[in-house]
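In what comes next, chain A is part of two complexes: it sits with chain B in the first one and with chain C in the second one.
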Partner chain A sequence: MKTEMQHENNSTIVSVSGNVDALTAPDLANAIVDQISQGHVNLVVNLIAVEFMSSAGLRTLLGGVKAARSHGGDLRLISTNPGIDKVLKMSGFHNIAKVFSSQDEAVASFG
Partner chain B sequence: MTAKKIALVIGAGSVKCAAALGLWKVLEKENIAFDMIVGCSGGSIYAAAMAMGFSLQECIENTKKLWNRSITQQRNWRALASVLLPGVLNFNHQFSMMSDGPMLRSFQSVFGDKTFADTKIPLYIMATDFETGESISQHEGKLVDALRASVAIPFIWSAWQHNGRLLIDGAVSNPLPVDVPIREGIDIILAMGFQSPLPSRIKSVSRYAFYVNSLMTNNLLNANFAFHNAVHHAEIISIFPEFERSIRLFDTGQIPYVIEQGEKAMSHQLDYVKRLLET
Partner chain C sequence: MASRYRITRAAYLASLNDFREFIKEHCANMPGMNTEKLYDVQLAVDEACTNIISHGYAGLDPGSIILDLEVAYDKLIVSLTDFGHSFEPSSAPIPDVEAPIEEREQGGFGLFFIQQSMDEMDYQATEDGNKMILIKYLSKTDGGRQ
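Our next item is the complex of A and B:
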């Protein structure tokens, strides 16, 4: 798994690629926590290049949503891979978080 | 380092549950064995056959005997008539459109009087308490009774009395029972789940009931899955085979294709499972 950070307008884009699982999720969690601790609380996690997401990955995203919101921001997702989106839907992410199909839309949602 | 424990959960899904045999085929080649198997509804039949230690080929042959159209050949005419004359013919909670005689004979022909104590791998078979709605993991008693309870699909087969409870289909309360291995302290859970198919046309009362039941079961599956993903200490690996063809309730002719899809879905996760077991 790889993560890349990019700051755009009022938000920070965390682009993730590869597999987000029990072996890699701690790295993603650290990346999210680092951004929040630096005051970047409006996060967009781009999952377009993610190939597999296990329960550990889902827990990390959930933790990120809670952490961002508790600091006055939000964590929003970009998901277009049907396999990943199915897991996100089954896990209720479409109900508790804002999920977009493009980076432009996600960034614009932070105003 | 303590060896990680691995469980297989086969959710409700009628003949699609044969995909679990494809999953098993992939793991068997790698000498990865299960520490426990959990089955729900149609999945309980495959779970029981695997836990009994049957070979892959025996599982295929036996499960064809256990789940095929012949088990729905005998209509329960008295119960059907009781729908029209409920007072006269005493309509009650034991209503079913089908007689369970053929199904019980088929279960008996494969499992006889075997009990949970006879399984080679610890086995849990899910059912739902008809009186309380509680999800029940059956782990004691005769396999035939546990299976009969687990597949007591509402409207099709009647509730079944087992170990002091009146039980119906496990899918009514817990279509993908990943909570059972979580409770038993399992580290790696392979969760093979299936969305209940929605009939394309609603042309009878039974289809209408099936349609609504499928909507509710799918939502329940998602809600349970979401909660357990969030609370498990280790890893749940979801294995959801993709079926390009429509697979109906008793399409046993499609079993080779279904197994192949299970094999493909498991193959995608194999490297990760091996790495997890090594860490």
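Our next item is the complex of A and C:
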């Protein structure tokens, strides 16, 4: 798994690629916490290049949403992989956080 | 005629990718398989192995996980065997997927995802190890549980 950061307008895009499983999810958690600790609290996590994500990744994203909101920001997702969408839907993630299908939409949502 | 395949790996998180790739290698081109069903099987195997690694062998030296795959004409049978602590699937908490974020527990999705992704699940703790059997029917149009 790899993460790349990019600051755009009022948000920080965390582009994730590879597999997010119980082995790699802690690295994603650290990347998210790092950004929040630097004051980047409006986060867009781009999962378009993620091939596989398990409940460990989901748990990390839920923790990221909580952490971003507790600092006055938010964490929003971009996902187009049907398998990952199913994981998000099974867990009710759509009721908790916003999920977009493109980076432009997600960035624009922060205004 | 059924085909059978086996992979054995040490119960480390670094082995998860090997199990997922094994599923992909042997199942991706099966008749009736599609990308959604393949993801379902990979997810169920990943979650089951993660539980074995994190809980089954907790406090023990990491042992092995044996994955047996039986590919029949209309279904896939995955058997996972380990030699760690057993568990009782019916006692596992069911996550509340409607709960607001403040009330969400940190974990609890692993077994739930396995049950949602596969058509049948059976678990037996025996003297020869713990065995989880997962079945996915390939003739169904819906990739999830009915």
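Just so we're on the same page, the second predicted complex is superposed on the first by the 111 of 111 C-alpha atoms of A that agree within 3 Å, B and C clash if a C-alpha of one lies under 4 Å from a C-alpha of the other, contacts with A are read in each partner's own complex, and residues count from 1 in each chain.
Here is the rule we go by: contacts are C-beta pairs under 8 Å (C-beta built on N, C-alpha and C of every residue); 3 or more make two chains touch, one makes a residue touch a chain.
Since this is a predicted model, take the numbers as computed values, not measurements.
Peer 1: What does the overlay on chain A give for chain B and chain C, a clash or a fit?
Peer 2: clash
Peer 1: In the superposed arrangement, which partner chain does A:D21 touch: chain B (first), chain C (second), both, or neither?
Peer 2: After superposing on A, A:D21 lies in contact with both chain B and chain C.
Peer 1: Which touches a greater number of chain A residues, chain B or chain C?
Peer 2: Counting residues of chain A touched by each partner, the higher count goes to C.
Peer 1: Answer with first, second, both or neither: which of chain B and chain C does A:V33 touch in the superposed model?
Peer 2: neither
Peer 1: For A:A108, decide between first (touching chain B), second (touching chain C), both and neither.
Peer 2: neither
Peer 1: Touching A:A56 in the superposition: chain B (first), chain C (second), both, neither?
Peer 2: both
Peer 1: Can A:V65 be said to touch chain B (first), chain C (second), both, or neither?
Peer 2: Touch partner of A:V65: chain C, not chain B.
Peer 1: Just chain B (first), just chain C (second), both, or neither: which does A:S91 touch?
Peer 2: In the superposition, A:S91 contacts both chain B and chain C.
Peer 1: Given 80-88, 98-106 or 116-124, which one is the stretch of chain B whose C-alpha atoms run into chain C?
Peer 2: Stretch flagged for C-alpha clashes with chain C: 116-124.
Peer 1: Which residues form the common part of the chain A surface touched by chain B and by chain C?
Peer 2: On chain A, the residues that contact chain B in one structure and chain C in the other are 19, 21-23, 52, 54-56, 58-59, 62, 86-87, 90-92.
Peer 1: Give every residue of chain A touching chain C within the complex, in rising order.
Peer 2: Contacts found on chain A: 19, 21-23, 52, 54-56, 58-59, 62-63, 65-66, 69, 82-83, 86-87, 90-92, 95-97.
Peer 1: Could you pull out which chain B residues touch chain A in their complex?
Peer 2: 221-223, 225-226, 228-230, 232, 234-238, 240, 268-269, 272, 275-276, 279
Peer 1: If you look only at chain C, which of its residues touch chain A in the complex?
Peer 2: Within the complex, chain C contacts chain A at residues 13-14, 16-17, 20, 35-36, 39-40, 42-43, 46-47, 50, 53-54, 95, 97-101, 104, 106-107, 109-110, 112-113, 116, 144.
Peer 1: Where on chain A does chain B make contact in their complex?
Peer 2: 19, 21-23, 52, 54-56, 58-59, 62, 86-87, 89-92
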